[in-house]
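There are two complexes below, and they share subunit A, which is joined by subunit B in the first and by subunit C in the second.
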Partner chain A sequence: MKASFRQSMAWLHTWSGLIVGWVLFAIFVTGTASYYRPDISRWMRPEFTQVEPVDAAALGAAAERAVAHLGQHAAKARTWFIGLPQADKPVLDLFWRTRPGEPPGHVLLDPRTGAEAAVRDTQGGDFLYRFHFELHMPPLWGRWVVGLCAMIMLVALISGIVTHKRIFADFFTFRRDKAPRRSWLDAHNVTGVLALPFHLMITYTGIVTLATFYMPWGVTAAYKGNAQAFFSEASWITTPRPPANRPAALAPVGPMVERARAARPEPLERLMIVNPGDANATVVAVFEEPHGLSHEHPQIAFDGVSGEILEVRDGGLKPAAKTFTVMTGLHEGHFAGPLLRLLFFLCGLMGCAMVATGVVLWSLARLPKAGERPFLGLRLVQALNVGSIAGLPAAVAVYFLANRLLPLDLAGREQWEIRAFFGAWIVAALVPLARPQRRAWCEELAAVSVLCLAVVAADLLTIPDHPLRLGGGDPLFAWFDAAMLLLAALFALAARKMLRYEAPKRDRARGAKPAPVTAPAASPARPPARRPEPTHA
Partner chain B sequence: MAAQGRTTVRERASVAGRVVLAAGGGYGVAALATALLSLTLPMARSEAVATATLLSFAVMAGIVVLVFSTRTLLRALLTVGGAALVLGALLWLAMGGSRP
Partner chain C sequence: MTPLVLAANLGLSFAALAALCLSLNRHHAEVFDRKAERAAVLRLRAFGWAAITLSLFVAGLWEGWAFGPVQWIGALTGAALGLVLLLSYRPRYVAPAALAALVAAALPLSILAVSA
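What follows is the complex of A and B.
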């Protein structure tokens, strides 16, 4: 770059931000929603609120039922995963993979009978959670795309920091009455800078959660590519045992569950049965994380045939391995209580706003002068901005709506919910291409608002013991609907702003002398843009 | 910059070259550094791998910033290529040394 360091970084910030902006926005929105994944999942499976939680003493018997089901339906699988009933998810959650390439098996069972649980077929919050790092693509592809975006986000953050001359002043700068572009720039700066520690943390730790996937070369060099050996040496997992290739009956898991429960205070979260039916079968009992920043589940490994304890994994990580798990823990925020979780959520929203204002800024900085025709790229960016910033929330609202309105016995219901999500998103992304830019913003923001209201209405109508109908029931529904109402109000406000926004203001600002160059974050030494005003974006 | 009007083919090629160098070179140098540190850091094997892997993304981000801030593409290419060569040679030594 034939320019100063700051200028080249401003350039890098602009273009790296634009290229991945829309995907990043989707990652930020779904990631932010994932802070409430258990709540969303529970809201989407209202049947659970009517089921009595399973007594801890009955866990052993429930696990036996799970194993019986898996022995019948997944005898060839190499590993069985059994999610044990929890207070907020009172079912057995079975999952198994037979071999790579084949779709994994998944079923929810009633822990009291072992029959399939009577619950609507939905992915719940897990869909948003997985979308956050796999974008609903094949996992390998999705993770690489998200990793690439995260890396570019990291670069955009670094270059964004360099671009700022007076980062501290930008904490407190918001000129909403100035030229619109200046307000957008300030909004971008405020949301970016105020939550900057969060953005840096969330981006880097996000990459770290999949670090050995993105950067396996250390494991390749030091462990000849054997990641399992690395994980167990780092004390993250119990030592893996290869199959003996001799058949042997699996011992009853009930007593193992009892022993595991007696050994630790944390609730038992899931069982992992590796090589079932083999003489070297291993049953790993995984507990909930103890309180703390670090993402590490205590584990106890049992010999699957004799039922004896093989190994107990409980903390004691070395510094680097601990740093790893703390970073993962920070990203996932399991440690956060209600208030801290809300703060994480708000920081996530600020991240969404930072990305959104950033891509809008790009298009504002390139508005054609009077009499000029907008170039094709600008038109495309404008349409994509509407399609993602208003379109994705609309799609999420439609996803929630589909959960309430689709017939409960619809075959492949889970997939239909997801089709509704993508269908809504595609429509929301295509419509702005055909509409004038401002009207498209207005219409779609209003549509999101209406859809959020529709979610509340559908919730009230379809949940017989909704707390607002009876005064009893699970408060979760009231909280969820309140959040939806808040979002509806927010989007309605945004639509109103868009409608009432006075265009002449911009012309006035343009007619006046070029906006002051001394503004923070504007880069004074940049080559003149097409318009006379200094541009940051 | 699109807003800047005429962009010469040469400038476009330079930008494209930098993008390729930043992505490929950045990842390559980070990967080599990770492998090298994993073998050479004076700590337990798992700790060395964990440390090296944690640092690798900072290394990559640093290389990307370097590639886009260096004055000419050639100089950026030489810097990244040189770093990769040095790291590669050291890694080769480290791997040779680890095999009796």
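What follows is the complex of A and C.
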């Protein structure tokens, strides 16, 4: 590459952006949605909104019921996880793993009776959240793919900053009514530059959250392969205790829950029971995060047999560990109240828009000249653009729709919701291959709009105490549906714009105008000699 | 506290960014149909940077120096997005909107100052 530094960076930006663009878009969309994971989960389990929240004093008894259930159904498991009832999830959420390779067990219980909770089978917002960093692949593979994409994203961000010559002069510039390539480049720049602190933060901290997974060698060398020792020194977990291999009965957990509750002001979030039934059983009570930037859950470990407190983990982190937890905290944004969360969400949307405009720019910069046929790669990129930018939102809408419309007693219901998601996405990705590009954009954007409206309709029809039907009920449904209506309007607007742009586009393809793509002097304020950066897009 | 502080941050950010934006020739011409005078450019820039700094201190003092900077940047990003959209679709409204934002920021600021 015999070119200036900036041109090399432009090349790097173009190709690093293109190869990971579609996966990045999916990561950004699902990650942005994950800012509202608890709300999405609650919307997808409408039964919860009718359950009275559990009194804090009744937590001990509820935990006992959970242990009784696990003792019966998961006696061989090495670790039991018990999610305690929360205001937004008023059930016992049990999870256990017997041995690696076997599918984990999972069940929701009514905390008052210990019977299985009457709630529809769904993964709720957790599906989108896990997709954000595992892409619904086997966890190790998924995390590697996402990590690689994030690292390449960081490369694309930095090279993009270098490439952008007029980063300050064009800070506020969005010429939406100029030549398409100019407008798209402006949109790409504006969404990238205005939210640049967020993009850099989210990409970097995203890699950091899984840093020890991507680069385990430091820990392996320093702790001689004992990663658990590192985790406990970094205060992620309490000191692990190996099983004694002597059976002993687990002490009642109710009193432990009471002692834990008395020890700290934060609500208890979950219990972790390691090696139940062993003489070295440990019960770890995990609290919600105290208000703060950093992501650290206070924990209290009890001896599972005697019930005595073994260890209290509560702040006091060393600088490196603190830096790490602050970075994960910033990434997750748990600390953000409703308004700040909305700003985070907007930043996430700008990230989605930046990636989307980026991959569209690549194809716009390579539109065939008059009389030429589009080359195969261009057709593929164009189809993938439609399939991801319009296809993924369509798939998410179908996922929500499936949650409302699938029969409640369907076997494997939660898997069917996910199949609906991927089925819709596959269709949305294949259709553009067979359709003219403009037509495909129009149809799919309009389809997303219709699907969002269908979600609202299905919600109104299937939720008997929907606030818009009775005036009472949980306002969550009204908020969710309002967001869906807003999305429907946005996608309808986008579809309309595509439709209106069709005529001049066709002229160009026929050669009525000679290649206006490179037309200079879009604005009189700019010297006409400056052509749109040919290498940038 | 937080909604008030965030409102002040958003208002200050919008007014500051609008001033910086109007100090650029292209946008000044879009909004006012004439080139900016040198003195006006300097005044707009001074005001813009001062308001951005003030916004940081407002966020830091009331939200603490851990959350403050996060909220400061968040408010700047949100305000910038609004400004760019307004500039693109209704450039004539930018100046009145900036003044309104300044007034809208002054209200929560004075409440905060009185209650402090």
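What we mean here is this: the second predicted complex is superposed on the first by the 504 of 537 C-alpha atoms of A that agree within 3 Å, B and C clash if a C-alpha of one lies under 4 Å from a C-alpha of the other, contacts with A are read in each partner's own complex, and residues count from 1 in each chain.
Please note the rule applied: a contact is a pair of C-beta atoms (placed from the backbone, for glycine too) under 8 Å apart; a residue touches a chain by one contact, two chains touch by 3 or more.
Given the structure is predicted, the values throughout are model-derived calculations rather than measurements.
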First (subunit B), second (subunit C), both or neither touched by A:Y36: neither
Touched partner set for A:F5, first subunit B, second subunit C, both or neither: first
Subunit B versus subunit C as contact partner of A:L293, first or second or both or neither: second
Comparing the two partners subunit B and subunit C, which touches a greater set of residues in subunit A: B
First, second, both or neither for A:A234, with subunit B first and subunit C second: first
Contacts of A:F302 with subunit B and subunit C, given as first, second, both or neither: neither
Contacts of A:F81 with subunit B and subunit C, given as first, second, both or neither: neither
First (subunit B), second (subunit C), both or neither touched by A:L194: second
In the complex with subunit C, residue positions of subunit A that touch it: 169, 171-176, 190, 194-195, 197-198, 292-293, 330, 335, 337, 339-340, 343-344, 346-347, 350, 523, 525
Complex contacts: residues of subunit A adjacent to subunit B: 1-2, 5, 8-9, 11-12, 14, 151, 154-155, 158-159, 204, 207-208, 211-212, 214-215, 217-223, 230, 233-235, 318-321, 323-324, 327, 365-366, 375, 377, 527-531, 535
Subunit B - residues contacting subunit A, complex: 1-5, 30-32, 34-39, 43-54, 56-58, 60-61, 64-65, 68-71, 91, 95
Touching residues (chain side subunit C, partner subunit A) in the complex: 2-3, 6, 17, 20-21, 24-27, 29, 66-67, 70-71, 73-75, 77-78, 80-81, 83-85, 87-88
